[in-house]
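Have a look at this one before I ask anything.
Letters are used for the chains, namely A, B, C, D and E, taken in the order the chains are written, and counting of residues starts over at 1 for each.
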Amino acid sequence: MNVRVNGTLLGIALLLVVGLIAPLLVYPTFMMKVWCFALFACAFNLLLGYTGLLSFGHAAFLSVGGYLAGHACKAWGFTPELGILLGTCAGGAVGYVFGWLAIRRSGIYFAMITLALSQMIYFVWLQAPFTGGEDGLQGVPRGRAFGLIDLDNIYAMYYFVFAVFMAGFLLIYRTIHSPFGQVLKSIRENEPRAISLGYDVDRFKVLAFTLSAALSGTAGATKTLVFQLASLSDAHWHMSGEVVLMTLLGGLGTVFGPVVGALLVITLQNQLPQGVGAWVPVIMGSIFVVCVTAFRRGIVGELQALFRR
Amino acid sequence: AFSQAKVSDGIVKIGVLTDLSGLYSDLAGPGSVLAAQMAIDDFRAETKGGAPFKIEIVSADHLNKGDIAANRAREWFERDNVDMIADLVTTSTALAVMPIAQKLGKITIVSGAASTLITNEQCTENNVHWTYDTYALANGTGRAVVKQGGDSWYFLTADYAFGHSLEKDTGAVVQASGGKVLGAVRHPFPGTDFSSFLLKAQASGAKVIGLANAGTDTTNSIRQASEFGITPKQQLAGLLMFVSDVHSLGPKVAGGMYLTETFYWDLNEQTRAWSKRFFDKQKRMPTMVHAGVYSGVLHYLRSVAATGTDDAKAVMGRMRATPVNDFFAPGARIREDGRLIKDAYLFQVKTPAESKGPWDLYHLRQTIPADQAWQPLADSRCALVTKKK
Amino acid sequence: MTEDLILETRGLTKEFKGFIAVNDVGMRIRRGTIHALIGPNGAGKTTTFNLLTKFHAPTRGTILFNGQDITTEKPAQIARRGIVRSFQISAVFPHLTVLENVRIALQRKLGLSFQFWRSERVLDQLNGRAMELLDAVDLGRFADLATVKLPYGRKRALEIATTLALDPEMMLLDEPMAGMGHEDVGRVTALIRKVAANRTILMVEHHLSVVEELGDTITVLARGAVLAEGTYAEVSSNPLVREAYIGVSDG
Amino acid sequence: MAELLGITPQALFGQLLVGLINGSFYAILSLGLAIIFGLLNIINFTHGAQYMMGAFIAWIGFYKLGEWVGNPDLVVNYWWSLLLAPLAVGAFGILIEKTLLKRLYHLDHLYGLLLTFGIALICEGLFRTWFGISGLRYDVPAQLTGGQNLGFMFMPNYRAWVVVASLAVCFVTWFVIERTKLGSYLRAGTENPRLLQAFGINVPLMITLTYGYGVALAAFAGVLAAPIFQVNPLMGSNLIIVVFAVVVIGGMGSIAGAIVTGVGLGLIEGVVKSGVIATVIDKATSGSPIVAQAIYPVKLLFQPEASAVIIFVVMVIVLLVRPAGLFGREK
Amino acid sequence: MDSVAAAVEGSDSELLQVKDLHAWYGESHVLHGIDLVVRRGECVTLLGRNGAGRTTTLRAILGLTGRRTGSIRLNGRETIGLATHRIARLGIGYCPEERGIFASLTTEENLLLPPLIAPGGLSLDEIYQMFPNLLERRSSPGTRLSGGEQQMLAMARILRTGAKLLLLDEITEGLAPVIVQTLGRVIRELKVRGFTIVLVEQNFRFAAPLADRHYVIEHGRVAEVVTHAELGSKMDQLQEILGV
């Protein structure tokens, strides 16, 4: 137990160090993208890894956060932190509705329902007047964080994004290890029993779903600020598949797995498209197949198993 | 007058950002990369003994997504010192990259994208819209079809910005030429089955069904219209069709249709010569997008050579000041709003009997002179233009 | 009418597509007793349980708990009122430790289960009480073991400890001895007797020896209706019951 | 009467027929999904890709195979494709089942979903690299070109054939599963394959063949679709999510349910596309602008443009009213 | 006539012979070398505490566990390498502990489900006579039966198949005493008809009079074998092991 806790602390420290020095070594915008997706994957992991609910529609929340924050910053002159706050709340609100609907079924059905609902959101974005449809919501200003820090400076933007990521990450970590997290685990293990102990299981599931969706919204909002645009590909079901892949590859139900997974997948995507074009889905698909058939614990999961031995 | 030092790090780097794998990879894609390379080769040949500076070319797939394009452009500009980005096949990618280039002091030459937004609301100083736009398409095809007697229209429109803008522009032209617009139905993008939308169009009784969509959406609509016996009773007008689309439909299905392009391989001696070079490498005939990429890159390189710098402002100034000189747009000029002003052409697709080879597809029906082909500057909504007024 | 009734059903009926599984059952369960429900297979015992805990909705009839009508409440509400059931199949959280299993049940009363921002260390205050409960069912030394590793009988014991952690006014046990070895039967019987102090138990059981030993009142169901009610001695000598349930030559 | 609704009967019936055609594709695909889900407990995300592969095999057989094998006269015509493509894709399915899916049966079913998702990405990606994405043409077979003038619309023969063929296949499948001994093995295997095997039935073989059959159904639909839609690597992935929604609406409880829901939803889509409902709402509320205002969001859902979401809307409603789906069994 | 045939065959052959059987569930090693022999027409029981491995023994015979090693001979034929359905086809009927009634089939469909693997099974009428409850609920979905009814159904459906070796796991669990008595009669009758039975039981009082031999299983091994005749003398020992 103690070893595990220390391991986690070590991990967090490492994360901090990497996060602080990364922009000196790597192209900062790339790292910002990694942090956004890492947060997204961690939020997703909260749901799948710790509650046992597979949502195949998480792209919806990413896009809700992204579009609303983008629109607020562009059209209403929101400051970036307010935009992110709005994105978070909006993601949470939509997540609440999705969760409320989807928990009526479990397992595979749950996955299919979330997928279908997110497809609906996709069509909403396609039609909504402010999203620019296929063209995307372009030219979102980065603005000044708290009215002070000019985020057009790439390093200022980087550390701002990293701070958002760390805040989200720590919140998720805390959630997992909270009384609430305990109940989630028990629901994952034996749902009827949890009901019979008097837990209103549906409310726990919905809250977990809402939390996860809200943090996905945070990730989406931050991403919009980084790239200064929100687009339909954030809402496409391929994106939902991608976040599953990141989580699975890094290690389902591990604290750091999603971060590692996001880093790998983003790196891969960034390295590949030059010239290999359509091979990207083939490679992603192959990773999926390998992960599922032979490598279910993911990278971090395997490492943990190795150390425990 | 050339000083090497003025070109940043001694290299002029050109990025071809295009659709390498998707819907539009035939009409742009690898062919655009080839066209850019051909432009560089020709420029080197022109300057004999090699260019006075190093030229590099990079290419990437933007997957027709604004975010991917923006991401890649930012990386190219900030990290890899790319000086100019060419092609940008969809409106979304063009609109995503243009402001970034503007902000970072780089140049974009849009060839693939269609929307008039690029030279209106979203125009930037450092951009040229090179090859075609929805206004020109509407103007060419719409007017011609009305003139042929197709005076009542119903639109089948891809439900997104590009389709809307094509529908709007064409509707205006139709009305201006004395035709009537009876209505429109919008189909999801990308569409799979158009039969129900076509049935609505049929029920409208319009003489002409205007297809305000592109790529497979257009080719599918055309085939299904013939399947449901809609054509030839009613006439179809493909508002954005490329020679590659017509090639894939074949003259049997597409024969007789009118369409507007700014380039066709079989126009004259120069176009045939260049296209043959292209065909030898690519095994397909070039589209107007390919030709446009070539033309834009060549013009850019010449301007860099002439100014001796790769500074965007200087180069852009030079590009705007000198007329284009190549087979694609001889004598064409770049307008304040970034629109390249050149001739456009109205074609009619040959019937199977008329077509003598797989790429022998068009009759030239009319050359639309440069001063009539494009949106008049007076109507411009581009801030660069309106500010001056 | 002076009896202190904790649970009462009136005219409780359940039909499944025309098949009447429970037919006009009126049961009166006195506070602080162990009430056994027996009857032939298919008599409607489990269905009655499901009706009481709201896993099924009654077709007709009312259920009163402490005099209040709870007929239309939801399962989780019923549990919070203090009616807790055990399952015919053993129900534990297999990958939590034995201690955590009990603590989950204790945690609900603390009212901080939705607080995702608190550290789980706030739960350590419950460890003492949890250990007490585990000791009560003789599981203290397994506290840190993952629950999957427990043998069957001990899982049943754990389940009872978990249920007790809710401090229910009333426990419903569906065949608690099913599939249990004889040594466990003895232990669990003693356990039930022990925990029955100051609470009410309603149990379904086919082990007649257990029923005999534990049951203060016994209701015999047959074909969905009450066939007989009384002490074990009364019921077991009832010829109808002997014919329908016990058989001729038991023992 | 339809005239009263502000729309010609021609248009309405025309849209209904188109809806029926789409519905038969939904039916045959959701049927395949339901069968596979039944026995393997896996949502076959590859279904869309397999549908696409059916179409591609037909296309290759017709336009490319001869060239590939160096014998330009070799042409696999439509009718042979209708037989051979399902067999080929079915065999491919069997290969997947034998090598990959098999390893997952002891795990949470979600892994099956993820695995098949991965395979779908691979298949789609491969076909994209090989054949591009612009869509390939497949001609309607000569026997079925032309059409019938039904008075209210022109019905292409080929589309009529699609409806007949797919419903026939659905019916046969339904009959086998619900009315034969083989079907009772299938249903039992759905619940407890190990026990069924302990009764002496070769369950692994049954599972393999079932997966093969479900996949073959998808490929069959693909061949049927080839002349209607272009043959395109993405043709399946666009369709499959709608089919998932169909499956949620119908519930996986019954084979007949999958078929009926599929056809029904196709028809609903048709009605929405015809604009009849929107018109009716307009008419009904024309008297009072306030009501019209209030009901406006509802009307939006029935605009022809909303046909892409109508199935999802139906799904939400069904979830609220009957979470197990229209034909699903409550657990 | 059947019984005569059984007696003749029974004299010379062992129907089931298990030697040094080990079995695993995933990582956990559950059986540690079981040895047992069942002759034609015999009824033997497996006794033991919860978790001793009796169910696992039955499942291992049918190949339903994870990995297994050792030797299992049926009619002299080695089956350790065979797939489950092939083993079953050699003439085994299995009534699982958890009953395994199929929800999507009606009672009667459940009854008719297991394929006939040999001649000589009971007819449907005989079965309904034996279990009248089932006749009454014949068209009801299988899992809508009460716990006890399901138990009867699980037992009844393997009598039809003609399997001559029955592996019965806890068939009296959850049954009313009257039914338990009925089952006792059924088993006696089956023995008379020449069935061979392996019975896993908690209910020693039920099993004791029926069985020719008792195997006491402990920690995945056979700890003791007690024949019917020795029952009296070894009662104390059994008491200690089983807590009877």
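The definition used in the following text is that contacts are C-beta pairs under 8 Å (C-beta built on N, C-alpha and C of every residue); 3 or more make two chains touch, one makes a residue touch a chain.
Remember, it's a predicted structure, so these values are computed and weren't measured experimentally.
Participant: Work out which chains are contact partners of both subunit A and subunit D.
Facilitator: B
Participant: Kindly list the shared contact partners of subunit B and subunit E, in label order.
Facilitator: D
Participant: Tell me, please, which chain's centre (mean of its C-alpha atoms) is farthest from the centre of subunit C?
Facilitator: Max centre-to-centre separation from subunit C belongs to B.
Participant: State, to the nearest whole Å, the distance from the C-alpha centre of subunit D to the C-alpha centre of subunit E.
Facilitator: So the centre of subunit D lies 46 Å away from the centre of subunit E.
Participant: For subunit A and subunit E, let me know how many angstrom lie between their CA-based centres, rounded off.
Facilitator: Between these chains, centre-to-centre, one finds 53 Å.
Participant: Quick check: how many Å separate the C-alpha centres of subunit C and subunit D?
Facilitator: Whole-Å distance between the two chain centres: 48.
Participant: Report the inter-centroid distance (CA atoms only) between subunit B and subunit D in whole Å.
Facilitator: Centre-to-centre distance between subunit B and subunit D: 37 Å.
Participant: I need the residues of subunit A touching at least two other chains; which ones are they?
Facilitator: Residue numbers touching two or more other chains: 123, 127, 277-278.
Participant: Run through the chains and report each pair that touches.
Facilitator: Inter-chain contacts occur between A-B, A-C, A-D, B-D, C-E, D-E.
Participant: Where on subunit D does subunit A make contact in their complex?
Facilitator: 37, 41-43, 100, 103-104, 107, 109-111, 113-115, 117-126, 128-129, 133, 241, 244-245, 247-248, 305, 308-309, 312-313, 315-316, 319-320, 323-324
Participant: In the complex of these two chains, what residues of subunit A are touching subunit B?
Facilitator: 27, 29-30, 33, 123, 126-127, 132-136, 138-139, 154, 227-234, 273-275, 277-278
Participant: Touching subunit A in the complex: which residues of subunit C?
Facilitator: Of all residues in subunit C, those touching subunit A are 53, 75-76, 79-80, 84-87, 91-96, 100, 103-105, 107-108, 110, 112-120, 122-123, 162, 166.
Participant: Can you name the residues of subunit D that touch subunit B in the complex?
Facilitator: 8, 10-11, 14-15, 18-19, 21-22, 128-129, 132-137, 140, 147, 149, 153-154, 156, 158-159, 228-230, 232, 234-235, 238-239, 270, 273-275, 304-305, 307-308
Participant: Looking at the complex, which residues from subunit E come into contact with subunit C?
Facilitator: Contact set of subunit E toward subunit C: 48-51, 97, 133, 137, 140, 144-149, 151-152, 170, 173-181, 202, 204, 242-244.
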